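Two complexes follow with subunit A in common, the first pairing it with subunit B and the second with subunit C.
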Partner chain A sequence: MSPRLNPTRAWLGLPLVVCAVAWVRPASASPLLETVGGVGGQGGFNGRTVEGGAASTYYNPALLTDAKTELSLGVFILSEQIGISLAGRPGTQYAVPVGIENATYANGVPWSAYPIPTTWLQNGRPATPTSPALPARPRQGDGSGHDLFAYQMIGLVTKLFHDRLALGGYAVIPYSKFTGADAFYSDEREQYFTNSLHPELYGDRLVATSIAFGGGLKVTDQLSVGLGFTLNLTTEAFTPTYVSNTGELQNILVDSDVKVLVSLSPHVGVSYKPLPRLRLTATAHAPEKLQIDTDFTFLLANGVEEQAGVDFTHDYMPWQLAAGASYDLVTTSTDTITIAATFIYGQWSTYVDRHSEAPIAAYGWYDTLTPVVGARVQHGDVRVFLDSEYQPSPVPLQTGRTNYVDNDRLGFDGGADCAFSLWGSDFRVGAQLQVQRLIPRYQTKLPTPPSADGLDHYPALVADEVPDNSILDGRPLAGAQGLQTNNPGWPGFGSQGWLVGGGLNLAVTW
Partner chain B sequence: MKSVLLAASALLSACKFGGPTGSPKEYVAFPDADLGVLEGGGDGPEPAVDDATSSDVGPTDAPLDAVAAESSAGPDGQTAPPDAAAAETSTELDGGADGDTDQSAPDAPEGDP
Partner chain C sequence: MKGPIAASVPWLMLALGAGLGLACAPDSVAPGYYGVTGDAGSDDASELDDASTMSADAAAFSGGTPTSPACNMNGRWLVAQRVLAEALGQTQASHNWFYYEVTQNADQLVVTKGLHCGYEVVAVSALGANVSSQACWPDFLQYDSDTGRAGTMEVTSSGCEINFEKRYTVRGATVAYYEDPSTTLPKASQKATSFTPGWISWCGASNPGITLVVTGPASGDLYCVQRDWNQYSGSVAANATTFEVPVTWDSDQDSLGYSGSSVITEQDVPDSDPSQHYVWFAKLDPTQATGTDAEICASVRSLVSMLTPDALK
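Our next item is the complex of A and B:
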């Protein structure tokens, strides 16, 4: 029996935990950890409820008190295969015509934005004596969703004060790049860039830097509490620019002032065993995001200076609250069979996309409840686990202007490890495999009513990019009547896919 | 079996809360805006688009007839006249999907280009 702490004294530490949660501003992200679950150990998708070695540092640091002191290394491979299919455009009357650069509303006011002629997007535009050729960017020609990622897992657990305090570190770092962040618009504005749709909650979110550290405190033999942080980077970039000639932008002069800040986002966990075989857990993970703030100043040769700024929000994760329970069905000297379940509430209604824009209210995102169930079997030195989770998509059907691509996801995660001794040291070697299915989904855009006055009276629906009341050279603009759009998701799109991953890990314990 | 699937579907749909507020077909009026209205509907010369290319089917050559039919059938509601628009700030069109109904398409095209 280890010495007991005074529970009253231990609880005095909780206000410090609460203060830490309130003080640290959200700035980091860990969508990768949420998607793949624990790498190494027995946590799997149930890492918030079942002790998972070093991985408990992120999922539930209170469980670190039950983990063995260890140093673990692992390699994990994840294949992302998400297919996005676009419905064919039904006719030429919906195309943005050529020669609209000087078109205006009926009263002569220029449009607020000028789309690119549809035929130029699809086929490009040949060079002219005054301008170079414009490369084609056909719909979904530059899509994403097919990638293979490799990660290095590093974990550490150490104990202090007669095992009352456990400290942990856990990192899953992509081999390809330390972190990645690709921004894209989820409506017709993407025509100016890739002219394609992209999975909203995967892709670059799977190469987010994922480093967590924390500690767990065994308040009593039945109760443990934990506090952890995820570590990430915040980037601020300021680029003053001198434009000597607006007709020769290749000759601009640019300075840069870039700051990379380390920031933290907290999470807390509790583990309570009211019965020897029963464990109850609860966790709270604060919102996380990778913020990139960019500011520009443009100084022209005539002395005019203007400033602009663009903020990006990557890897956004909302508040996540979880409750779970595990129960030992069988406990003998050599065998243990445990079942576990976790329910994770995600406040996705607060989602902010990569351009720091919230989804429009008519297509506001859902909050979700993710159920996870699983079982663990231990026989001697061998342990096996299998988990299943259903992650409902927070994204409503995209029948309007926006094209957030996402699917409900059903996943299975299993693994096994075996302990052995070699050269006087204790080791544990394990393997893991997971398959996640993004359930097929299809959506058709709602029709956009015509607008005689050229105003966008239905901002939630696909925008008519050529106002019906447009004129050109004093005459009505040809091809302006009805809907003309380059929204890559119009008139509909579907998506489905797979995430398949696996890895090996090795831990030395003492 | 069907009842089991329905029950499972209902159970899984209970995993979502909140979501969209308002209707995507809500009409937003701009009482102070005046960009002008063309007389006679703005019929001009033929559009300067390339028929061979602007009817892009996209990288997936699986046009959905239903989609095309629905889209070319035109809107299922009418824009409120300018006078009415100035008098009220928002109204909602009748009919059509509300954006919350699952529109699964078993024959939806698959895969990227």
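Our next item is the complex of A and C:
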């Protein structure tokens, strides 16, 4: 007989939830897990609502109580093919001219930043008697939207106290590297580096550290609560530097003081079955990010010492709240057909980019609501599932200074597994395939009104990098009138792409 | 890790890599201008980037990446618009000719060069009028433009769907001011000055506005200003390089004077039959319609009868 809901026992889980939510320290992120869904098991994109074996440790640890005890291993391959197309520059009058390094505002004040002559970016500059050649870095010559990743999945579920408590661990680890973090600017400052646009929510975010562990408590036969954590890495690097001669930077002396700190980011889940066939779920995932803090000190031979610091924020994931439901349409001794749906709210309006900068207010990001629907069919020892989700982009059309590249995404994830016995042990082998389409998107930059005083009156629009009132050697600078920019996304850009993944997994259950 | 799962990694990667060969989305950059080494930003210092061993003209319209190659508007197009108008119970067909260089990225179209090559009006009913604007064609080319016109080209289950945004054209007046449809076209007393908008003498004459030569049962010279708008929207067969699209349009005209019959000052209105208003697009090959803007337009006008004869009905 199933026990009725005991109010006292039901509220036992509440302090667990409250404590977890109150202790929110941004931690290592899991954008990979959010992008590909559950690897192994039947969770798929609906992992917050449907028990997914060890993967429930991340998506909804309350569902661990319904999982079998298992040790699972798997491989997953993900191909990222995101194309970015840049519109052609319409004329040379928009190019930053050569010979501007000594130009100033009309009052003689130096510019706040000096762009690189556009032709040097595109074609490079040959060596001169006094300086080596400057290699070209043409627009979109160093994009990062095409890659193939392979991951190792490791999962574990075990039960304690007559199956009332379930503990789980789940990790998806890239074969190429434990984690990756590549920073880039999303405006004209990227001219100094790759001079290219990059997908904002993919790329290095697909090699993020993705390790979760947690537990689920079966409060009653109908109600389970869960608490989990993702592993956090914070890197602090301090590099004191001695510069004996500013003309010979190759001879600097550097020490290093690097710390890698580990902490945890919590997530909580609840599963409630008001009817034998109906399950309701809710989850909350706290914000996560990979923080890299770097500090430099420069000591010069004349005794002057200066300090600078740069912080990076990678793999940022905002608060994510979800609610879901599943219903067993058919339940017989051998067959089960279940439909499931989940709605995930993402507070992307709090996003900070890789240089720890929030998007310009005029182009602030949207919060998103992602619907997921799917079905599961079990026939004897064979189970199959198919999910679909539509992830609207949180990024508004980039018609201004910034070039955050993102698209709405429509995804399908399917898989099958089969249980069998061998050598006295129970196994389950499965396969999975997913296709996600980044729906094409294009944006044209808005024109930047001219500014006679040389000041930037429209910081949200493409920056005029050569102020109109500039002078050089006491005379007006030629080529300064109107807009001159090296913003790689100007005068417009488009993006589209595919994510295609697949994998195999094997679990031993007991 | 060892065993069958680890051994499957290369095969999975190979399969996914091969599968994506059909669906990859490469990065691309449309040709553009980047200045010249040693330049000072002067206008004559033009250098096309090297995606380019091609000429500047050819590079300018090589376009972007469409969603589907079957719905690709990138390229150079002859655009011939035919609409039917009615005045005093008589019908006339108006033929407008344009030259478009179109860049398409995903579903988005932008006319990167849109030349107005002129128009004519021919009588359809027995007592209809013929109108020649030939003397004005150089001014249409100089002052009117469809450059920057936006549109979409979307993939549909039956082919493609094209749409070009509503666009206003002003003739014989201060274009930048009267393009705003909320403004009232100038009267005969409102000649443009350096400081105020108004009518301007076009067509190589000293008459107010444009000078149209009207022939037929009623004839004479009409001096007027005009403000038209048009919008193109309709379905297109996949991979089509010559196709017809419905047009919606209207016209506003202020008569500033005339010589001859006063009947020619009558304003016409669009015919009520939507099927009588359409525009033909014909893709130009690299040898067609080249040279200066005036030479391009001369070629466009001569090619209409060959490439889009139905646009001259």
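Simple rule for what comes next: the second predicted complex is superposed on the first by the 495 of 510 C-alpha atoms of A that agree within 3 Å, B and C clash if a C-alpha of one lies under 4 Å from a C-alpha of the other, contacts with A are read in each partner's own complex, and residues count from 1 in each chain.
To be clear about the criterion, contacts are C-beta pairs under 8 Å (C-beta built on N, C-alpha and C of every residue); 3 or more make two chains touch, one makes a residue touch a chain.
Worth saying up front: this structure is predicted, and the values here are computed from it rather than measured.
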**Request:** Tell me which partner A:75 touches in the superposition: subunit B (first), subunit C (second), both or neither.
**Result:** second
**Asked** More residues of subunit A in touch with subunit C or with subunit B?
**Response** B
**Message:** Quick check on the superposed pair: does A:263 touch subunit B, subunit C, both, or neither? Answer first, second, both or neither.
**Reply:** neither
**Asked** Is A:65 touching the first partner subunit B, the second partner subunit C, both, or neither of them?
**Response** neither
**Prompt:** Now for A:408: first (subunit B), second (subunit C), both, or neither, which partner does it touch?
**Reply:** first
**Prompt:** Looking at the overlay, does A:143 come into contact with subunit B only (first), subunit C only (second), both, or neither?
**Reply:** both
**Request:** Check whether A:369 is in contact with subunit B, with subunit C, with both or with neither, and answer first, second, both or neither.
**Result:** first
**Request:** Name the contact category of A:230: first (subunit B only), second (subunit C only), both, or neither.
**Result:** neither
**Asked** Should A:90 be classified as contacting the first partner (subunit B), the second (subunit C), both, or neither?
**Response** both
**Partner chain(s) touched by A:194 [first = subunit B, second = subunit C, both, neither]** = neither
**subunit C-contacting residues of subunit A that also contact subunit B** = 83-99, 117-119, 121-123, 138-140, 143, 145-146, 440-442, 444, 477-480, 492, 494, 496
**Complete:** Touching subunit B in the complex, subunit A uses residues 83-99, 105-107, 109, 117-119, 121-123, 138-141, 143, 145-146, 349, 361-371, 390, 392, 394, 396-397, 399-400, 408, 440-461, 467-471, 475-483, 491-492, 494, 496
**Prompt:** So in the complex, which bits of subunit C are touching subunit A?
**Reply:** 1, 5-6, 8-9, 12-13, 15-17, 19-20, 23-43, 45-47, 49-50, 59-60, 64-65, 67, 103, 105-108, 110, 112, 150
**Complete:** In their shared complex, subunit A is touched by residues of subunit B numbered 12-30, 33-38, 41-51, 53-64, 66-68, 70-80, 82, 85, 93, 96-97, 99-105, 108-113
**Message:** Per the contact definition, I'd like the list of subunit A residues that touch subunit C in the complex.
**Reply:** 73-75, 77-79, 81-99, 117-123, 125, 138-140, 143, 145-146, 148, 150, 152, 175, 196, 438, 440-442, 444, 466, 477-480, 484, 492-494, 496-498, 500-506
